[in-house]
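I am attaching a structure below and will ask some questions about it afterwards.
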Amino acid sequence: MVGHAFMGAAHSQAWRVAPHFFDLPVRPVMSVLCGRDTERTAAAAERLGWAESTSDWKSVLERDDVHVVDICTPGDTHAEIAIAALEAGKHVLCEKPMANSVAEAVAMAEAAARAAERGVRAMVGFSYRRVPALSLARDLVAQGRLGRIHHVRAQYLQDWIVDPAAPLSWRLDKEKAGSGALGDIGAHIVDATQFILGDTIREVTGTLQTFVSERPLASAHSGLSGTAATGQTGPVTVDDAALFLARFAGGAVGSFEATRFANGRKNALRIEVNGSAGSLAFDLEDMNVLQFFDGTEDPAVAGYRRILVTEPGHPYVDAWWPAGHGLGYEHAFTHQAVDFVRAVAEGTDPAPSFADGLQVQCVLAAVEESAGTRTWQQV
Amino acid sequence: MVGHAFMGAAHSQAWRVAPHFFDLPVRPVMSVLCGRDTERTAAAAERLGWAESTSDWKSVLERDDVHVVDICTPGDTHAEIAIAALEAGKHVLCEKPMANSVAEAVAMAEAAARAAERGVRAMVGFSYRRVPALSLARDLVAQGRLGRIHHVRAQYLQDWIVDPAAPLSWRLDKEKAGSGALGDIGAHIVDATQFILGDTIREVTGTLQTFVSERPLASAHSGLSGTAATGQTGPVTVDDAALFLARFAGGAVGSFEATRFANGRKNALRIEVNGSAGSLAFDLEDMNVLQFFDGTEDPAVAGYRRILVTEPGHPYVDAWWPAGHGLGYEHAFTHQAVDFVRAVAEGTDPAPSFADGLQVQCVLAAVEESAGTRTWQQV
Amino acid sequence: MVGHAFMGAAHSQAWRVAPHFFDLPVRPVMSVLCGRDTERTAAAAERLGWAESTSDWKSVLERDDVHVVDICTPGDTHAEIAIAALEAGKHVLCEKPMANSVAEAVAMAEAAARAAERGVRAMVGFSYRRVPALSLARDLVAQGRLGRIHHVRAQYLQDWIVDPAAPLSWRLDKEKAGSGALGDIGAHIVDATQFILGDTIREVTGTLQTFVSERPLASAHSGLSGTAATGQTGPVTVDDAALFLARFAGGAVGSFEATRFANGRKNALRIEVNGSAGSLAFDLEDMNVLQFFDGTEDPAVAGYRRILVTEPGHPYVDAWWPAGHGLGYEHAFTHQAVDFVRAVAEGTDPAPSFADGLQVQCVLAAVEESAGTRTWQQV
Amino acid sequence: MVGHAFMGAAHSQAWRVAPHFFDLPVRPVMSVLCGRDTERTAAAAERLGWAESTSDWKSVLERDDVHVVDICTPGDTHAEIAIAALEAGKHVLCEKPMANSVAEAVAMAEAAARAAERGVRAMVGFSYRRVPALSLARDLVAQGRLGRIHHVRAQYLQDWIVDPAAPLSWRLDKEKAGSGALGDIGAHIVDATQFILGDTIREVTGTLQTFVSERPLASAHSGLSGTAATGQTGPVTVDDAALFLARFAGGAVGSFEATRFANGRKNALRIEVNGSAGSLAFDLEDMNVLQFFDGTEDPAVAGYRRILVTEPGHPYVDAWWPAGHGLGYEHAFTHQAVDFVRAVAEGTDPAPSFADGLQVQCVLAAVEESAGTRTWQQV
């Protein structure tokens, strides 16, 4: 695994836990953790449960006992590592957003296509697809329970930098992060809605907004919460918020919004889908619930149902606890690891593929483009 | 109409509005308002829209142009007025609780029975039966959508005297009010649950609690909000809260609670019913909604449905606004007036009858008794 | 009053009820109802409580005993009636949307300006401003409780024509209605958000969508629910849904959506506002509630508060019932009537003025324009 | 660890995960799993991640490399194992309910007291205390944010045997389980409310109910979901539901209900506490949320706050994910393991102690007693 911050911890927990709840055809071994700083990586390996650590990820690609490379670094390094790993014959699980530019994403998708011919698999880490409630949402749409889809309404609302005193971090640096709310959390709602609908966004028009353009510099080596102030400030080079309208290939219209300035919303990935036969609503802040309106019911007793997606028959749920016992944030990563391992072992292509990741990247690029031209852009 | 405080205003609004939304066989005329104080009653008549006023309710019973007597006074006067009105051949609508004692209620029920033989009707004002969501709840149970009923869970939570500085009012005086939370709001949940189930409570065990036993005296003639302090205090002679367990004739067990000390709950009449085939939940603070769980559905998509009880097919709703346009507190009084007028005009017995009111009184009396003996009491 | 359908009934209820709950400087008298069809108007006058009726609204303008004209007709007639009434010296309350075109709205605003010089008042019926929870929202923003506003998120979601078999009505006819969801319900969220923020929309980009372009013709004289099918169909000439992004003069970005195809949402006018110091959220389907997040609180106990806007100190509430007793849809019309009567009697300008109505019309026109040009439009 | 069913899996996950998120003074090693059946225990050890397995738990007590015994078996075996383990000098974590009778619980508490003198620790597994929202609830009460406590309202609602065809399991057998809903889930609300209040229940009156008295026998070795029907039925010897009223030593009154027949409620442990200064509400089906009403706020903006208990400052949360990323059911077990390990390492007494477990047992026994005598019982 490369990277050991927030995502590194989530992925480690997934690898650790998956084999104890799911029947896996092969048992993953947590062998090597890679990071930039030797000492900090060694400490992280100890804490996260990896057998070894190194600051040289390239050397790991030469090892025969490593079969999977899991990339949890900032977006500017994804392309290089992923392509090298695939060429070295390693299966790759890459965090989202897949890349910081369409060009990088194209190169990665091409590398993945070449690798697939040799039986080497690649997958992008849009983990929220594996939240049981969102998997169920996809199933209901696929079963036709919503009919023809008219509307998509998707928001990813956070507030962690609403305070102007919150320091600059790599996530606010265009070089490292590619974009701000758009790529970080906007990417999730693009992927999640396309996944649920089984459809793709065809054109968009949007706008980007940076509310606070200058922020205190944090001292070196401090993480997100490391606020040892230096007295200096630096420019925010990414968007704080991204809003866009979209049209899907299948005829639905969509309204999207990603922001880090929605005061009081901590992690509110909210999706509503309205179809001719029914509707769905989801909020990640209440992640074990899917709201479903069945429009074919007798109007006297019709209403949005609060489905507690914790029944044995629900996606992924049977492996865990009895009905009604909720799952948390990191369980989706465990499901992702399970599906990835199974695909690799069974020789099938895991989803979302790098081609899917590229398509999301194209949507994000079209939003950025439209924000500049102030017109609709084809994806 | 006798009485012109809170209930007087609600009833006046009902008589005023009903004929403009509902087809009524006869059109009610708001002729005379009765009160204790001549001047204040005249002012109230002007404000509430009554043609005349008087401080002598007995004289009204002699008038030929008065056909209905609507009693909105404190409970200690209900029996005398209602019995006299029924004997004078006037149809009677009497606010709840019907009386301050079982003995009074028995006398009233007997008077109503005698009057019914002469075609004179009597009804108790348990208005919440006419909230569309609760009427729908009753319908669903009657249709068997809940199967065999196992559980009733009913609370009426308010907080208007949680502040020990809130003054004594007639509602805290056992002489006037009969009891406290038990008779004032506990009566509502007893009636509402029995109404929804179409069943009666057979035995109870309960406890009463007065948290603040001494309160400031308000100056004379001040109402609920009249807090011109006198510096003196007086004893609270009723319960602040009443809790009891119940067993219904049909086999359900129930848990009941009425309190004026539930900080932050302003008017939370909450009812849940669990049956072998489904469940219901209601909260008066969200009064246009009925939650319904259909236990016969596929577990994959089962969940409590938030039915917005504002569809044209829902009870009483068609007379009002298009779907989705909510009703308020006083609409239930309008529905009550409509049903009462129709019953009188059609020569049928309105419900809840005085016999129903007596039965509720017996439940309340059994709760009080059990609070003293600390054992279960038959109703 | 001119017009006696849905809005006519709502306005009639307002005039009837207002003087019984609010202290008014003058008492309104419901004198003449105007409609196109003599017989049907007479029946409506009887039902709605008007003393007389006529099919000739112009004759009413000549009467000395008529001081106020209340316009509840479809939008294509507003300009003519309102301007004539103002010129005849009558105070005018005009339903929204104020007009079907900017040109008409300009003429009306000019007429209102001229009339104001003579002490004649004009007001547009954006009734939702008078829902207590939205009045409270405005107050909180004005008090600075939200700080600098970053985000507005507004949706008006209905579903009454999601069924392709729902018949054509005047609301689907561009000649009569001007536009579809945009003008009918989109106008409400434009007015409501501008009202709450005390700010105006400066530019927009949007898209319009008609999902069902052909619908059955209903037989003549049938209303919204009159579905006596004729076997013939006709074209839908308005939008079923309107989506747009907006930028406010004060720097906030907004996402707006109005649709009649949100299956299961009956009357969901939903507004969220995020500011640097706090946030608000409202849903008309739960209209007695305002959600408020105070971002200045200790994070350990911060959270969206569900304010039940039924306390005596809340806007308009004191006139009604004790705390916790909810209001319904039509109460906002009563509040509107009260504020209008008071402004007229006191000789002040009621809000929203015809100039405000014109400004909303300009926003709607800019949205339509942007939907054609596919670029941002200045308002 | 002894036992490897539902609780065994939850405890295993806790031991596995705890050291990777929390700084622990010693690192737990998952050495031996004990069960009745050699083969099934070995398979469970493999799946759950234990190094060895055995069907002889007594032999484990003799091992020097085992320092902690974690008891996850049915209640009828707790006393024997726990007492033996404590006498062998092993620290003991024992699942709830601590025992099947007060006599057993007394013996266990005495053994724990003796062990404590030798520095050997004992703790009962009331894991819900460690749900962050409930820990926060306790903190708020302890800080006086609720003032004097008036009301407790606690329900534990499930529905897993509402179907009469659900088979007999050991949980429906009085010999094995001691009681039904009362001991299984009623015990949780007794402990949780006493924990939150920092107070104890002094007297109770209650009733027990078995709705379905005969059920199909499942075939041998089948678990909860093992429904290989045998065609035979057997008697249900425990309660399906338990309801009781309670009085706390500090003056609060309480209403309690535990049931397995609340159709549609899957795992609804709901607690409300009303005090003179504020109120709390919690529902395990939305376990990352605590509702808090601050009664000292300006009434104009007061309301129940939905606190998302996922902020870094909330109990236990800092060890996990960024704000807004929710935890699931099993995280409470991890927190329990962490607190237990720390107490053992630091030589302090973990809570809840065996004395606390005994006190809960006494409350349950008083409820059972009162159900028989139909009168209030002192605890």
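Couple of notes before you dig in:
Labels for the chains are A, B, C and D, by order of writing; each one numbers its residues from 1.
Quick note on the criterion: a contact is a pair of C-beta atoms (placed from the backbone, for glycine too) under 8 Å apart; a residue touches a chain by one contact, two chains touch by 3 or more.
Just so we're clear, the structure is a prediction, and the values are computed from it rather than from any experiment.
Of all the chains, the one whose CA centre sits at the greatest distance from that of chain D is C. Simply put, of A-D and B-D, more C-beta pairs touch at B-D.
Between chain A and chain D the centroid-to-centroid distance comes to 35 Å (mean Cα coordinates, whole Å).
In this assembly, the C-alpha centroid of chain B lies 41 Å from the C-alpha centroid of chain D. Multi-chain contact residues, meaning those touching two or more other chains, occur in chain C at positions 265, 302-304, 308, 311. Here chain D touches chain C in the complex through residues 136, 140, 145, 292, 294, 299-308, 311, 313-314, going by the rule given at the top.
Contact residues on chain B toward chain D in their complex (touch as defined above): 146, 150-151, 153, 155, 157, 159, 162, 164, 205-207, 209, 211, 241, 243-245, 247, 251, 253, 255, 257, 259, 261-265, 272, 274-279, 293, 295, 302-304, 374-376. Of all the residues in chain A, the ones that touch chain D in their complex are 6, 10, 12-13, 16-17, 20, 47-49, 158, 160, 224-225, 265-268, 284-289, 308, 310-312, 320-331.
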